[in-house]
Every structure is written in C-alpha cells, then in structure tokens.
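Have a look at the structure that comes next, please.
The letters A, B, C and D name the chains in turn, as written, and every chain counts its residues from 1.
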Amino acid sequence: MIVEFPALNLLLLMPAIGVAFNLFFGYRLGRSAVNTVSVGVVAIAFALSVWATVKLATMPPGSCLQAQLGPWIYAGPLRLDVLLRFDALAAVMSLVVSGVGCLIHIYSCGYMGEDPDFARYFAYMNLFTFSMLLLVLAGNLLLMFVGWEGVGLCSYLLIAFWYDNPLFAFNGRKAFVVNRIGDVGFLLGIFVLFSAFASHGLWTLDFAEMRERAGLISPAIATIACLLLFFGATGKSAQIPLYVWLPDAMVGPTPVSALIHAATMVTAGVYVVARLNFLFALSPSTMEAVATIGTVTAFFAATIALAQSDIKRVLAYSTISQIGYMFLGAGVGAFGAAIFHVVTHAFFKALLFLGAGSVIHALGGEQDMNRMGGLRRRMPLTHAAMLAGTLAISAVPGFSGFFSKDEILQAAYTSGHKTLWLIAVVTAGLTGLYMFRLFFLTFYGKPRLSEERFAEVHEPPFVMAMPLVVLAALSVFGGLIGLPEGVLWGNQIGAFLAPITGRVSAAPAQAVMLLSAITSGVTFIGIILALIGYVVIPTLPERLAAWAQGLYRLLWSKYYVDELYDFLITRPVLFLSSAILGRNVDSLAIDAVVDGTGEAVQGGATAVRRVETGNVQHYVLIYLGGVLLIVGYYLLSALRH
Amino acid sequence: MTPINYYLGLGALLFAIGTVGVLIRRNLIVVFMSIELMLNAVNLTFIALGRAMGSADGQVIVFFVMIVAGVEAAVGLGIILAAFRNRLTVNADEFNLLRW
Amino acid sequence: MLIDLIISAIKAIFVVLLVLNLSAVLLWFERKGSALIQDRIGANRAGLFGIGRRLGLPNLGIINTFIADPLKIFTKEDFVPDRADKFLYTLAPFLALFPVLISFAPIPFGDRLIVGSHQIELVVCPLTAGILYILAALGLGVYGAALGGWASNNRWALLGSVRASAQLISYELTMGLSIIAVVMVYGTLDLQEICRAQSGTWFGWLPKWGIVYQPLGFLLLLVAGIAESRRIPFDLPEGESELVAGYFTEYSGGKQAAFMLADFAEIVLVSALISTLFFGGWQVPYLQSDGFHLPGGTWLPLSNPVVALLGFVAFGIKVVFFCWLQILIRWTLPRFRYDQLMTLGWKGLLPLGLVNLMVTAVAIVAVGGSV
Amino acid sequence: MPLGIFAFFATLAVISALGVILQRSPVHSLLALIVTLLCVAALMIGLDALAVGLLQAIVYVGAIVVLFLFVIWLLNLERDPEESGRLGIKLLAAVGAAALVGELTAFLTRTHMSQQTVNSDYGSMAQLAGLIFGNYLIAFEVTSLLLLVAVVGVVAVARRWPSPRLANRPPTLSAKPQT
C-alpha cells in the first residue's frame, strides 16, 4: 500500500532552509538566531519523522509513504524522479538521523558556544542532516547516491572545519579521497546494476521496482554489483581496507564526530546493504565477504583500540569495530539485527562521544587519556552518562547494546558461521576491556592533571548536559524495542523491519540463553581485566607493554597500515605522476600542445593584425568583399537550378 | 506599369553608389550621408518587394528603418561633433585609434 | 482623359495665380494696415498720371503696391556677392517659394462643381494623405532660408539661416501635433473630407466647425503658423534691427522678391490651413448642396454653380480674414528674444500640444470613435 | 507608375546620388541627398506606398538632413581638406560596387516578379497604423524607447562638459570676466 505523503518534502526542506538561513543571514543575525533556527529545523524534521512513522505504523506491514518532488532525468526510456519513499527502514533511519541529530545540534549550541565560525558550522551541520535524510529517503539508487555524496562532502567540510590547522585540513582531504575511492566502486556498482536491468528492458534504478524484478539479475552479475557497492560501503563505513580515514577524522569538532563519524553517516554503508538486501541475498559469496570483512574489521579495530591513548581515537576505533558487527549481522542475513545495532549504536556512541566532548570541553581541549583521571568527582553527571554508554557498548545484559549485539551473534552462530562467531565473541571481550580502560583512565584513579586545571574542571552547561541525559536514557532503555523473541513484547523493531529486511529463524530458546551467557561471560572477563589493570593495579599495563613490547608497538602504531598504504599506493602513484607523467608526458607532450596552440594563435595574430588599420573604410571594403561573396554564392546556387 | 525588377535594380544601384561613397570619401559627414543613401536604397527595395507581394509589412519595416536612421544620424552626428572637438577635423583617416 | 488634364492644369494655374496675387494684396494690406495702426496715411503717392485723382478716387497706394514696387524690384540689379556659392545662392529663393506654392495643392477651395457630365472637385490635387503632403512640403521649406543664408557668405545671413531653420523645425512639431489632433477628430488625412465633415449644425444654429472640437489646437496652429511664416513676434531670422534682413540680407531684385513672396504665400497657407481645419473651409453656415437651410426651417434652394461659388467666396473671406489677423498681430506685438522663442516652442507649446493630443485621444475613446 | 515617370525619377535619383558622393562641398552633397531622398519618396508613392513616401519626405528631408546641415554649420566645413590620392581604395571601391551591381542585376534578370493587384487602401495611413499598432506593437514601443535612449545618449556625447577646473572656480562677484 503506497500513500502519497507530501509532508516528506517538508521533511527534506527543513534542513535545507536551515542551510540557506545560516549561509545568508547567519553571521548577520547572530548566534542565538542561528542556534534557534538550526536546532529548530532539525527538531521540526524529527517531529515530521515521528508523524510519518506513526502514520506508517498504523498501515498494514509492507506499505510505505511517498512524495514526488518532481521529474529528474528523463532520457529515452529512462524515467528518474526525485522521489522520496518512507518505508519501515527509512522510518527507523530518519528517526535516528533527525532525533539523534537534533540532540547533537542542541549539544553543539553549547560546544561551539565560543567558536566565531558558528554560522558556517551550523550550515554544514544542517547540510549534513539534509544530505543524510536525502540518502535515507531516496526512492532510487541514483538519488541515494546524491545524498551519499552530500554526506561525504559534509564530512570533509566538518573534519577540516578548523581549516587553518594544516593537519586538520590534511585529514579532511584524506577522508574525502578515501571516500572517493569507495565512491568509484559504488558508482561502478550502480552502472553494473543499471546495465543489468536495462539489458532486460527495465530502465530503472527505483528500489521498489528493482526489488520486484530482482529475479532478472543473474547471480554472477549480482556478485559483481554487490561487491562494488560493498566496496563503496567500506569507504563510507570505515571497514577494511578503507577504514584509515575515520580515526583521523577525529580532529573535527566532537559533536561532528558524534553525529557523522559515529551515529549516522558511517552507518550509511550498513543502510545501503540493508536497503539492497534483496540483491545481496542473490549472492551468497558476497554475503560471506561482507560477514568476513565485518568480523575481521571488528576484531582488528578492537585490538588497535586497546593501545590508543587519545580518547576520541579509542572511540573511533570502537566505532569501526561496532560497524564491523553490523556488517557481520548483515553478512549472515540478519539485516534487521544490523539495523537494530545501528540504532542502539547511534544512541550509545553518540552518548560516548558527547560525554568525551564534555570531558574535552571541561579540560580545555585535552584529548589524551594519560592526562585525565579522577574526573568522577568533578563531573558526576558526565561520569554517570559515560558509564551508561560504556555499559551499553560493552553489551552488558540489560543495556541496549546487549540486545542488538546478541541478536547479531546469535544469527552468526545459527547460520553456521562458527569461526566468525568465535572471533566476534572474543571481540566482545576486547570491547569490554578497551571501553572500560577508557572509562577508568578518564574518571578513576589519581588525577593526572595539574592542580589548578583540575580545579577548573566543571560540569557542562545545560544545553550540553540535556542531550547527555536523554541519550543515556536511550542507551539504557533503547534496547527494549528489540527484546529476544518470546520475552515480553518480543522483537518489535525486527517485526517492524521484517517486510523489508526479512527475518532469520530464531535459535531454540536454550541455545539463545547459552550463547548470551557465553558472550556476557567473555564481556565480563574483559571488564574485570580492565578493572584490574586500570583501577586495582595501575602499573600493570605498563609492565605488560614492556613485556610484550613488539605487540604493543604494533597495536600502538595501528599495525602500520597507514605506512603500508603510503608505501604501496601513495608513493608509487606520486612517483608515477611526478617523475614519469609530470616530467615527461605533461611537460613534453601536453605542454607542447598547449603552448604551441597559444604560440600559433599569437603568431597568426601578429601576421594578420595588420588588417586592423583602424581606418573604417578599409573595414567597409572587406565587408563589401564579404557581401560580394555571399551574393555570389547565392547567385551560383541560383544559376545551378 | 513599371516592372518591380526595375525598382529593385535601382535600389541595387543606389546601394552600390552609397557603398562607394562610404569607401572613397574622407569627410565623415559625407560618409554618413552615403550611409543614409544605402538605407534609402534598402527602403526602396522593401517597398518594391512589399508591393510585389501585396503586403504592407515592407512599409512598416521602412517606417522602422526611418526611425532607426533618425536615431543613428543623431547619435552619429553627436559622435562626430565630439570627435571634431578632440581632433579639429572630420577626416576619417585621422580617426584610426582602433588598430593594431 | 485630356479634358481631365486640362481641368487639373486650369485648377493649378488658378490657385497659383490666386496665391501670388493674394500675396501682393497682402503687401498692400500690410502697408495700409500698418499705417492704420500707426495712425498715418501710408502709401498714397504714386498715381497713374493723376487719372485717379482726376476722377475723384482716393489714392489708396494701389499703384505703389501693384505696379511701381514690382517694376522697381524686378528691374534692380541682380547682385551676387563675391565668394558666394553661386549655385546655391541662385537656387535658394526658388527653394523657398516652391514648397510653399506646391503645398496649396491638397487644400480645397470649394465643394464639387458640376459642369456637364464632369464632377470637378474644387481642389488642385485631391490627396488621401493631403495633410502629410503639406507637412512634407513645409519641411522642404526649411532649405530655402537655410541655404540662402549660407550661400550668401555673410555672417548676418548665416545667423539668420541658423535661426530660421532651428525655429522652423521647432515649431513644425507643434504644428504637426495640433494638426494630428484634428486628424484624430475627423479620422482622415484628406482635407476635402475634413471640410465635408464640418457641414451641418449643432442645436440647429451653431456651425459644426473644428474650432468647437479643437479650440486649443486652433491657438497652437495659429501661433506655430505665425512662427512658420517667420513673422513678428517670431521674426528673429530676419529681424532687421539685429541682422539687417536675416538670411536674405544679400539678396536683391527678383530673388529678394521671391523670398518676400514666399513669406506672404506662407501667410496665406497658414490662413488657408486654419480655415480648412478649424473654420469649415469652404463651408458657409446653413448652406448645403441644395441651398440654404436656415435655423427657422426655411429652405432657400440654390443651383450647384451658385453653391460652389458661395463656398469659394466663403473660403476666400476666411483666408483673407486670417491674413488680416496675422498682419494685425505683426503690427501689434513686439519681438521675442531668441531663447524666449525656443522656450516658448519647446517648453510651452509642445507640451500643450501633447496635452491637447492626449485629451483628444481620451475624449475620442470615451465617445467611442471619431466624429 | 508609368515607365516614363519612373525613368525620370530613377535617372534623377542616380544622378543626384552620384552628386552626393562626388561633390567636394558637403552642402552640395547634402542638397543632392535631398533630391535623391525626394526621388525615392516619389518612387515609393509610385509603388502605392503613399503614406510611407510622404513620411520619408517629412522625416528624412524635414528632420534628418537638417541635422546634417546643422552639424556642417557647427563645424564650419566649407570643403574637404584632402580628397585626392588613395587611388587604390577608390579603384577597389569602384570595382566592388560594379561587381555588386552586376551580381544583383544578374539576379534580377533571372527573377520575374509581377505586381499584385492590391486593395484601394493599400499604403494608406490606416493600413499602416493597423499594422504598427497591431502586429508590430512591441517593436514600435521598443523603438520609442530607442529614441529616448538616443536623445539621452546624444546629449551625453555631444554636450560640452564644463571642465573640472572651471567648475571648481569660485563664483565671481563682478560681471567682469576673469582671465
């Protein structure tokens, strides 16, 4: 059942209004106007999302709302419209984007309270919200790609927000370039899909039509297309091999890290896989690849996170790790669970980032955990919120992360991916370890700050605290929308998403219990290790690091992946372009053509400019010659007939 | 009745005479008069062709040509006046700044 | 065919002679009129061997004006100044006189005259665009004054030429505007048609003349007409106290006579135009093609030749009246200064003419079509 | 128009047109131009375009050419300073013009156009006005704008701007001109 719902246009329009307002009037009208409008438009968008979701929920399963903004590309048989479609998946995502986005906008009012570039910041943030909503609501693949590129652009703009720092600008560029590499794959995937459908006479990229006619695609084509699209997804979602940009993206303002690089944009890859699950389902080998890459990334990032000292970097690697879980879920067919994890992850990771932001804000920009400690007493509220987030991400039973991660792990196990399941369980333990390491290093132990700076540490203002509280509540209770089957109201979100993502068959109840127990046990081991290492015997980590020096350095240096890329790709490309192409092809061949053109024109002009005598009558004479020629031409053609 | 072709031939002749005038005279004012001559030759041609086709549109075009000729004469003579003030001559050969 | 040609020729010659003779009469008017106004006797000396005196007739200066002066002027030495442009100097008087004379062609001097099977329109050349023709001819009239002064190679004369041409083209605009208003009222450019449209009466007694529709237009045309004929108070091109005699300072003999004739012919032309456009032309009040229809309802039948003759006489009377009016003005008013002249023309009469035109247009639209 | 009358006006037009371009004195050229214009007007009237022909006389002869006359007076141009020499361009001009006439004549000898019979109101002011205020209304209005622009432009171009030095001079109290 499809219902026209023009308010969707409004949903998209609101952040766009915010962008225009901030760009054109922002600086003129001042900070409070910018804050009001920027937050207001996202809040309205959230309200509209809620309205649409409520409307959708009252309709039979599988229905959707849609709004057509206008025609877009009409070429030959191809008909692409700017079409927005609001189904269950889009509903969940747009609720997260606008809801969490709204909270982070509110938080930003406080966090950016001193920054002189507030209007630009909020313009970018609103533009990001617009692009992300476009990505989520797009009714066809190409329009989705517009949003996909838009969020990439905003990510770049916001990472390099403080562009006068060369490192920040470099990191922004890095994020952009790495994303572009993924986008090439994504675009190629679109082309392959389009030509595959077009060869069967279906000139469309519309999701609904593709879904209906997915049978037209042969498995081989599906594998190629899905691998390409997944390559794009690894770029946006920071998976191996294209994850390297995300840790560096942490130089942006912390609310940006929370919104873009934790809660929403980086999960776009998961969203795409979930959105196109009917295609991925055609290609089991791609599914295997997705699951494997997700799991390996999860484990890999978790180990790196163990050894990092920058609070935001740890969170960044944990994000990579958690997205790995999502891809694992998607790869084993539990798309609903993956999306569920996207939701809970948005809650607790946004919370963690905002909490970390509060700490950084309170410490005047300090991000190194080695110089924190003991903040519990000065910042009780932040401490409590961070605790809720840490418990949630560590998947302690009862907290939101538990339900979603557990669902993924169970799906992995029941679908027969035992090895992956094992790695994922170990990773769960690592998660507990590194997250509580972060938590203890920050809030417990002796203050490693100077006395006077420690005395200045304070709780964040209300606008920053309020989102923390809300997100903490969501982190604690958000998992209740997806309880395991048979417990109370069961898996509501899974049921809601089922028409789109399908459902995996649940494991027997005892198996569920057993698997949960194993996971929880491993997690608790990790937490206890952290407790021992960072609270009970604070010297233990150092000794451990000294004992396993090689491993520590390897982890601390992030497995030298950046260096490897630099050696394998960047340097050869640079060498090729500067030494071979630049010095030979460009300067010898291209320059010769370009310069030669200019010189030829100049020489020719020097030769013929004598015609320009400045005497009008000479010009008239030439004009007369022209008239004679034209009349003569017509005369000749008249004579011929 | 005189054939229309005769009128057209006369128009061509007058146009050619005007062209020659533009080409050979150095007095800018006479050059301008020659331009008026060419415009008139065209006007005559319009009227003749309009008559041949039995349509009055040619006359309307001539009407517009007259207006534009008036405008052109006014502006052109204004420019000649200004140029004369600068150079104290209306010799076309003296005005050749627009060259290489 | 031949008879038509003969009739046309007769009409043309008749009108030209009439105009030229009327010009001479005007000269006499001017002399005696000025004398009347200045409280003196005026030309009265020359007699024809005293015959008139002997017969007891008053000497009205007729001999002076019609015989002695022409004789004198045409026997004068026809002098061409040194370094004058001889060709243009000779051409200029004809350029002055010729356009004025040809502009009488479309002016009707009477209604239809029926002679045998021929219906003769009492107009030299019945033109459907007669008014345009008159304007074109008047436009040509500039060149006589302009080139005459220039060709004389005399500063006074050149100044006179400059003044004359600027004045003429300035007041031509006003003239054109007032005429266009009349044209709009009657919806035709044909002067005979305009005359015919002025027949009949309002309320049974008021002749339907154009002055009733266009009182402001009449005044504008009168003022512009006087300026066109370069008469006081607009006689700056030839103001004798300033420029000797303006553009014909250097002329003498027959050429000067031609210039003077052109001036007087122009007076006649303006009068004829005013009469035609605003005072019914050859219309006689209450006279229709079959006789008088007096307001009381009385009908006095008349034959066609009589009606035509009456029309012609009426037209003549009107023309002579306006000539007389212009001469009165000439001897009554002082001269303008040149900038005042231009100010009056461009800032006074031209806007008035435009207003008159607009009011007329609005009125016509309001009434719904032309009269 | 009968052939004889046409021949008369055409010959006169050509002769006077030659006069325009060949006479030394600009005023004589101007006079010749007037004759040409009047001949063309007569030919137009002969082609049943009565109103346009008369307008041609009014506009060109009565207004545009007078402008030329004024400018000649203003610049006080008696004769061209130098009209000798430049044989090359003269020759080329003559050859070019002859070729143009030749080409056009070659065209005209191959085309056969007959005069259509037209209504009695052909070329009347009413017909012209109907077209101008009908089909061509926008063009007509644009033309009025063009005239306005031209007036402003001419004043701007030809006006003798007071030099800044003079404009800055303090106003004199006495009527005596300052040196």
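As a convention for this text, contacts are C-beta pairs under 8 Å (C-beta built on N, C-alpha and C of every residue); 3 or more make two chains touch, one makes a residue touch a chain.
Model, not experiment: these values are computed from the prediction.
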item	value
Chain whose Cα centroid lies at the greatest distance from that of chain C	A
Whole-Å gap separating chain B and chain C, where each centre is the average of the chain's CA atoms	35
Chain centre separation in whole Å, for chain D relative to chain B (CA means)	6
Computed distance of Cα centres, chain C from chain A, in Å	95
Between chain D and chain A, distance of the C-alpha-averaged centres to the nearest whole Å	74
Multi-partner residues of chain D (each touching 2 or more other chains)	51, 55, 63, 89, 92-93, 96-97, 100, 104
Of all residues in chain B, the ones touching two or more other chains	19, 23-24
Junction residues of chain C, two or more chains touched	none
Touching pairs among all chains present in the structure	A-B, A-D, B-D, C-D
Residue ranges of chain D touching chain B (in the complex, touch as defined)	1-3, 6, 10, 13-14, 17-18, 20-21, 26, 29-30, 33, 36-37, 40, 43-44, 46-49, 51-52, 55-56, 59-60, 63-64, 67-68, 71-72, 74-75, 77, 80-83, 86, 89-90, 92-94, 96-98, 100-101, 104-105, 108-109, 111-118, 122-123, 127-128, 131-132, 135-136, 139-140, 143, 146-147, 150-151, 153-155, 157-158, 160
Chain A-facing residues of chain B, complex	19, 22-24, 31, 92-93, 95-100
Touching residues on chain A, where the partner in the complex is chain B	609-610, 612-617, 620-621, 624
Residues of chain D defined as touching chain A within the complex	89, 92-93, 96-97, 99-100, 103-104, 106-107, 110
Residue ranges of chain D in contact with chain C within the complex	25, 27-28, 31, 34, 38, 41, 50-51, 54-55, 57-58, 61-63, 66, 69-70, 73, 124-125
